[in-house]
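Read through the structures below before going on.
Okay, so subunit A shows up in both of these, paired with subunit B first and subunit C after.
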Partner chain A sequence: MVDFDRANQTAVQRMVSSRPILKGVARARDVIPGMNDNLLLHAGPPITWERASGPMRGAIVGAILFEGLAGDWDGARALVTSGEVRLEPCHHHQAVGPMAGVTSASMAVYVVENETHGNTAYSNLNEGYGKVLRYGAYSQEVLEKLRWMNSTMGPILAQALEQSENGIDIRALLSESLHMGDEGHNRNKAGSFIYTSRLSPLIAATDAPDGEKASVLQFLADNALSVLNPVMAGCKAMCDAAHGVEGSTIVTTMARNGTDFGMRVSGLGDRWFTGPVGQPDGLYFPGYTAEDASGDIGDSTITETAGIGAFAMAAAPAIVSFISGSAQDALNATLEMYEITETEHDHFTIPFLDFRGSPTGIDIRKVVELGITPRINTGIAHKEAGVGQVGAGLVRPPISIFEEALVAFGESYL
Partner chain B sequence: MVDFDRANQTAVQRMVSSRPILKGVARARDVIPGMNDNLLLHAGPPITWERASGPMRGAIVGAILFEGLAGDWDGARALVTSGEVRLEPCHHHQAVGPMAGVTSASMAVYVVENETHGNTAYSNLNEGYGKVLRYGAYSQEVLEKLRWMNSTMGPILAQALEQSENGIDIRALLSESLHMGDEGHNRNKAGSFIYTSRLSPLIAATDAPDGEKASVLQFLADNALSVLNPVMAGCKAMCDAAHGVEGSTIVTTMARNGTDFGMRVSGLGDRWFTGPVGQPDGLYFPGYTAEDASGDIGDSTITETAGIGAFAMAAAPAIVSFISGSAQDALNATLEMYEITETEHDHFTIPFLDFRGSPTGIDIRKVVELGITPRINTGIAHKEAGVGQVGAGLVRPPISIFEEALVAFGESYL
Partner chain C sequence: MSLTCSEVRRGAYFDSVVLMQLQRALAELPGVEDAGVVMATAANLDLLAASDLLTDEARGAGADDLLIAVRAEDELQATAALEQVDALLKQRRSRASRSFQPRSLPSAIKTLPQADWVLISVPGRYAAGVAREALEHGKHTFLYSDNVDMKDEIELKDLAHEKGLLLMGPDCGTAIINGVGLGFANRTRRGSIGLVAASGTGLQAISSYIHNQGAGISQAIGTGGRDLSPEVGGMTSMQAMDLLGRDPQTKAIVLVSKPPAAKVATRVLAAARAVDKPVVVYFMGQPVTARRIGNVLFAINLLDAAELAVGVVGNGEPEVEQGSSFADLASKCVRGLFSGGTLAYEVMLGLQNQISPMFSNVPLREEQRLANPLRSQGHAILDLGADEFTQGRLHPMMDNTLRLRRLRQEAADPDVGLIVLDVVLGEGAHADPASELAPVVTEVIGDHDVDVAIFLVGTEDDPQDLARQKKQLEKAGARLFDSTVDLVAAIAKSAAPNSGTGKMPAVSLETFRQPLAAINVGLESFYDSLTSQEVEAVHVSWRPPAGGNEKMMALLAKLKSS
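And then the complex of A and B:
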């Protein structure tokens, strides 16, 4: 007979003790297990072209154009629908990507190693704001920026991190940034400044031309999401370490592809439990309304899965000006999440709760019993390909996937 | 008949509307009005060698050794006691300096211009941690670091800022950093990361050797007080703009020299109101106790004078781990300061108070009427020259100086 409580303690202990270190930047095809030139990784659980949302389709087309595999939308679509180019979740390849999360073979990716448990995780580079692939934009301007990121920023970051003695400790960075008003998902402003500052001497010491070094530092400093992708890879490394514990009801993946919300559970192997994505409730940029919103999308829910993001909202009262609400709402969000989690994080602490650890390790039993689903902070994509971000807000997964997972758990263990 | 309320509104309006911009770095003798090679500027109101505290004496000796005017303690002391080297407050020269604040003619200083009102303010460069002049240390190691700051960091910062189109907006930086857990006096962690990030592309583009650029960026990134000195000059620029309003009871200077706490009031000209400094109440570094503490010292109280520091404690709950107390104490500190201030700052807002403006513009009438003195966050120096920082905590000025100022106000205006 499995001791479920003990299994959960083991799972969250593995999650919380994980120390993910950003070690390098490399081409996806050179480092991501199973990556190849005819494969695109994407956010969320598995999806086909036919069921894909507007922004997911736009990002798929953009990545195919970026790789030079086709010259236009129709050509790109044909490659995918024929199966010549395959789609697989980032999560099937130890990777994560924000929003559409589409990652192709020649893209530069971050390499994050979990020093505690030995596993590795990957994420693409953050593109900043405006028209970007992750929100489904695929114009020439978008592809130009991706090329600059791949040919200039990627190699400079790679050389900078190679020179670094110990890499960049993502857990330590998050510990600091949660004391500086970040929650690590929608607000990564402090973390991105820490990241830029820590990288700056390393970048200055590379052999790249001064102008290129300056342009990379400017890009990092101007992007309050610079560190989101290494943070996501760090959270992925923590969550993967907690996966596969027999008898554990702890959630180790939450991810959305714009159509389906997918979840995986530590003690239930690689099975996805999926349901329809919700529509985020939040603030829209001028000129947009909820009518324009795509369904919830992105692997960035790995942050909530690891105990930050909406779970650490109390650390980030300034976020309410971005996603709506009051400072008290931010406190309440975190307090509610203690109800459905197994532990309080040793390293992620919340000053305004007198340094109480953030609620960590979602237990599907508690979710179903209390009817409280996890809170998620998220960006909101336009529903049509090519437009981009239209707002930011809050969303929750469908409770059905927790109920279904609990039934599956009963079938497996009872 | 002067309308005192209206005068106070004018004074705080001038303070709050001030937009200080960091424009450059230059030698003190080349830019600070009245600076010369036989003059040392120091923190607080006027002081003589005879009445100076241990850390103030140590810093004076260190600056004289740094300038090569004498070769040892006795030689340096003789120069000061004979009047060959004069001592004057930084505040008499549009300048401010943390702790001892000793600034000599060849030192590199920040130049901050108040774009709104046209006045300029200055501050020396921050030395980081350990044995530093500002805490009264004056060993070879201290002087070596000052030389590196002057010969390597200063020129690189000067060139970086010269290349910058608009300089660095200190008010905007503080607006951001107060949303990132800083209060701008004892905690400048977020601000220092913002500062390093904003400088990094400018520094990368200078023509200095890569190794020197990397060393400067490393020094800035590793020092969570990097931005304190430009912030202090920014606050000085704001407070000076509010000074000299006829009939105003608003405090425009609070500063300590380790022996006396000095205050000046907008409508009372350049007269200092002084009383004995307090002993900070706080947390001591391992091995030290209150017995080791110097009296309160430094011009950094210019931050509280401008509406940040202890006045914005509610923005910085993480600071309580450094100066003692709970998150609720941090909130209460700010709430109390609304009682004795004229306005709420338009640009410095506090997320956990739902973006209420920080309490700004101390009114000596309210201080005396309510018996509530301003709260001040501070570092604590060892009472002997040469030791350095031993802790950090909270302190208040003596109420006698407010009473004395109010009497003087009555004599001038009633």
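And then the complex of A and C:
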């Protein structure tokens, strides 16, 4: 019989020892395995147009317009419903994307290599705030920004990273930003500053016109989420390394598509366990309430899967108001996650807990036994396509998917 | 007609989430329709405009200014809301949060690694699982929960034993460790009397009596009500006795229980005798045939138990009486050949907790009945004056024929180490029993590896001449006793030594040398009680595993690695 504890130790060891390095920026179609012009990648487990949420539909339409495959909403919808344009999870292609996570073949993507275990992960570039594709906005202004990102920012970042000797060590960046008040999911302010400062000399050394370099630097510096996407790809690289360990009950994927919450487990192959997404409990921007919120969405839960985000909440007291409380509540959030995790991270440490490693490697057995589901920090999207972010808060996956996974695990191994 | 009021605070920076929270609090105030609290960036001004929250005053604000806007039913309510801003900001800051309560034992142990003790008071069906986890983490366990299966109790106690840990309970209501009361316990001063109790209120009563008489408690260890049952075999009592025997703070030990099974009582009393200090034993409801056997004192009630203990520790270093004893009876049996039924009965009462198994043709309990009175087995006490022996012959007080034959028969049995006879003098009895018995006593002692003890009943005025009878029997090699108490004491001292704890590691005294620290799983009142006694403690916010879902619990049990 398989020694489940040992299998879990192996899985988390692979996760924790992973060293993801941001190596470059490239076109999705050139680097992402299985990517093609009639394929759109999206956040979360598999979804159809019929079941897709407002922001997911908006982002799908936006990406089709961006690629020039159709001219309007109806045309784009027809392509998807007829199957001419297919939808597949980013996670099926070693990729992740925040919120709707929609990635098309022409888009520039980050390439992150796991130096320890040799696997690679990808993520699109962060669009900043306001009207953005990831929240389902697809207006001209949104597409304009995407084009600028693709034609100006992407090539400059690609050239900058090419000049870099070793790329940018995402694990080291996170270790540092966790000591500067980030938790790596909802707060990436410090990480984005570090990221921008690492990139600045590299960007300055490119042969792009000064005006363009300045605009890229301004864009990176203005966006406190600049580093979120490379961080997510880094977390994906860590989690993929822990996937596929025989007999392991460690969670290696958590992702939402706005309709379903999906999870995959190291020892259970590529099977998704899905249940309805929750409604985040959070704080709303002026003029919005919970009524306006879309169901939980995005692949950014890969951060919690890898032991940061809400799991490292104790490192980010500045954003504890999202969990409606004091610094003590931030501490409690992290302490609670130790209950359901296999290990404490060697590299992600929390100063306020005497540099204890962040809780890492969710064990579905512990989740079911204690009835404690993972905490997830998340942005909240408006339920209608194109409105954008309306708040931020805390959400948890349904316990049912952990129970289902446990039953499936029993069927596979007992 | 609603009205929007706003306030601009120049150069006041707050994190956006603080602002969102303030905004929510404002929106909840009476009469307020909507509120916006933002840093006045151009984007945020647009947002406010879209929500009809932008005033002319606000239009002039800049990105470094805090803008608070409230739309209310009338001006009064809008201004009232704005006046609340500072109070709301302050309230946010002062709201205290409760510190984290671990949800599982492993995480509680990480929180308080120095805790040696775990108190468990979860519902019975879950208790064994939690106790097993505690023991596996090397913790002494106070198991208050009842309704724990006997099978689980035995497994848990075996595990505790194996690991040199104490498992008090299940159904253990009280204990006092290092001066700290666990569960239900009275506040007693620390002192030199150690308690071992299979009875919660018994322990409470005795410890209170001891305190009220001016003495104090070193440690009080509960064992759980079933510890002295034949199935459990007194495992915790034996460990506790051994532990307190080694504890330098403990000068005397009190053992309290309902009457135990004979086999268990034998083991426990053997453990008590093995201790190098006085042990007061109170088996409730069981007749006391001697007040004292060696270092073991027998109490007749709870108060008496307390008084005996206080007495022995009060008299300075208590003397341990050196009475007579026989060659080691550890591997040999006692056979009694009595002519007097009552004498046989009293000896059996005295020996019932000292040696086992014990059989008789006139047993105390039916399971002790000899299958065949003509053939002894184990320890056997025979009344040769009973009907089955006297049919067709004279009573053994007059005729020694049968006893002499049986004496030779028993002596020839290689299992036998001691033969006990009574000799009853007086009117009507045999004129000179010693003259017939003495030669055979000499013969069997010479031929076999046995002792002979004789309990002589008579007076110096009896016709047989008590002194001469005694002298003759002693000369023959017999050991003479003039009361059953001394006889029983001598046998008890020679009986099997305590073999109960076997090769298992002893419970370390280390836990008594440091301040108590404990983890509480279950009743929060036990945690409160610990903290009020200034004990470092962690409370586990325990819930049934898998929410009590049987299917999931069964699956989880199978998915734990072996």
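Please note the rule applied: the second predicted complex is superposed on the first by the 410 of 414 C-alpha atoms of A that agree within 3 Å, B and C clash if a C-alpha of one lies under 4 Å from a C-alpha of the other, contacts with A are read in each partner's own complex, and residues count from 1 in each chain.
The rule we apply is simple: a contact is a pair of C-beta atoms (placed from the backbone, for glycine too) under 8 Å apart; a residue touches a chain by one contact, two chains touch by 3 or more.
Just so it is clear, the model here is predicted, and its values are computed rather than measured.
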With the two structures laid over each other on chain A, which partner does A:193 touch: subunit B (first), subunit C (second), both, or neither?
first
In the overlay, answer first, second, both or neither for which of subunit B and subunit C A:301 touches.
neither
After lining up the shared chain so the two structures overlap, which partner does A:284 touch, if you call subunit B first and subunit C second: first, second, both or neither?
second
Which holds for A:318: it touches subunit B only (first), subunit C only (second), both, or neither?
both
By the touch definition at the top of the document, which applies to A:332: first (subunit B), second (subunit C), both, or neither?
second
After superposition on the shared chain, which partner residues are touched by A:253: those of subunit B (first), subunit C (second), both, or neither?
neither
Just to be sure I read the superposition right, which of the two partners does A:372 touch: subunit B = first, subunit C = second, or both, or neither?
second
Once the shared chain is lined up, is A:389 touching subunit B (first), subunit C (second), both, or neither of them?
neither
Touch test for A:355: subunit B only (first), subunit C only (second), both, or neither?
first
Jot down the residues of subunit A that show up as touching in both complexes, subunit B in one and subunit C in the other.
318, 320-321, 326
Okay, in this complex, where on subunit B does subunit A touch?
176, 179-182, 189-190, 192-194, 196-198, 200-206, 210-211, 213-215, 217-218, 220-221, 317-318, 320-321, 326-327, 351-355
Touching residues on subunit C, where the partner in the complex is subunit A
15, 17-18, 20-21, 23-24, 34-38, 43-44, 47-48, 50-51, 53, 92, 95-100, 102-104, 107, 110, 543, 545-547, 549, 552, 555-556, 558-562
Residues of subunit A touching subunit C in the complex:
1, 3-6, 129-130, 249, 283-287, 318-322, 324-326, 328-329, 331-332, 335-336, 338-339, 365-366, 368-372, 391-392, 403, 406-407, 409-410, 413-414
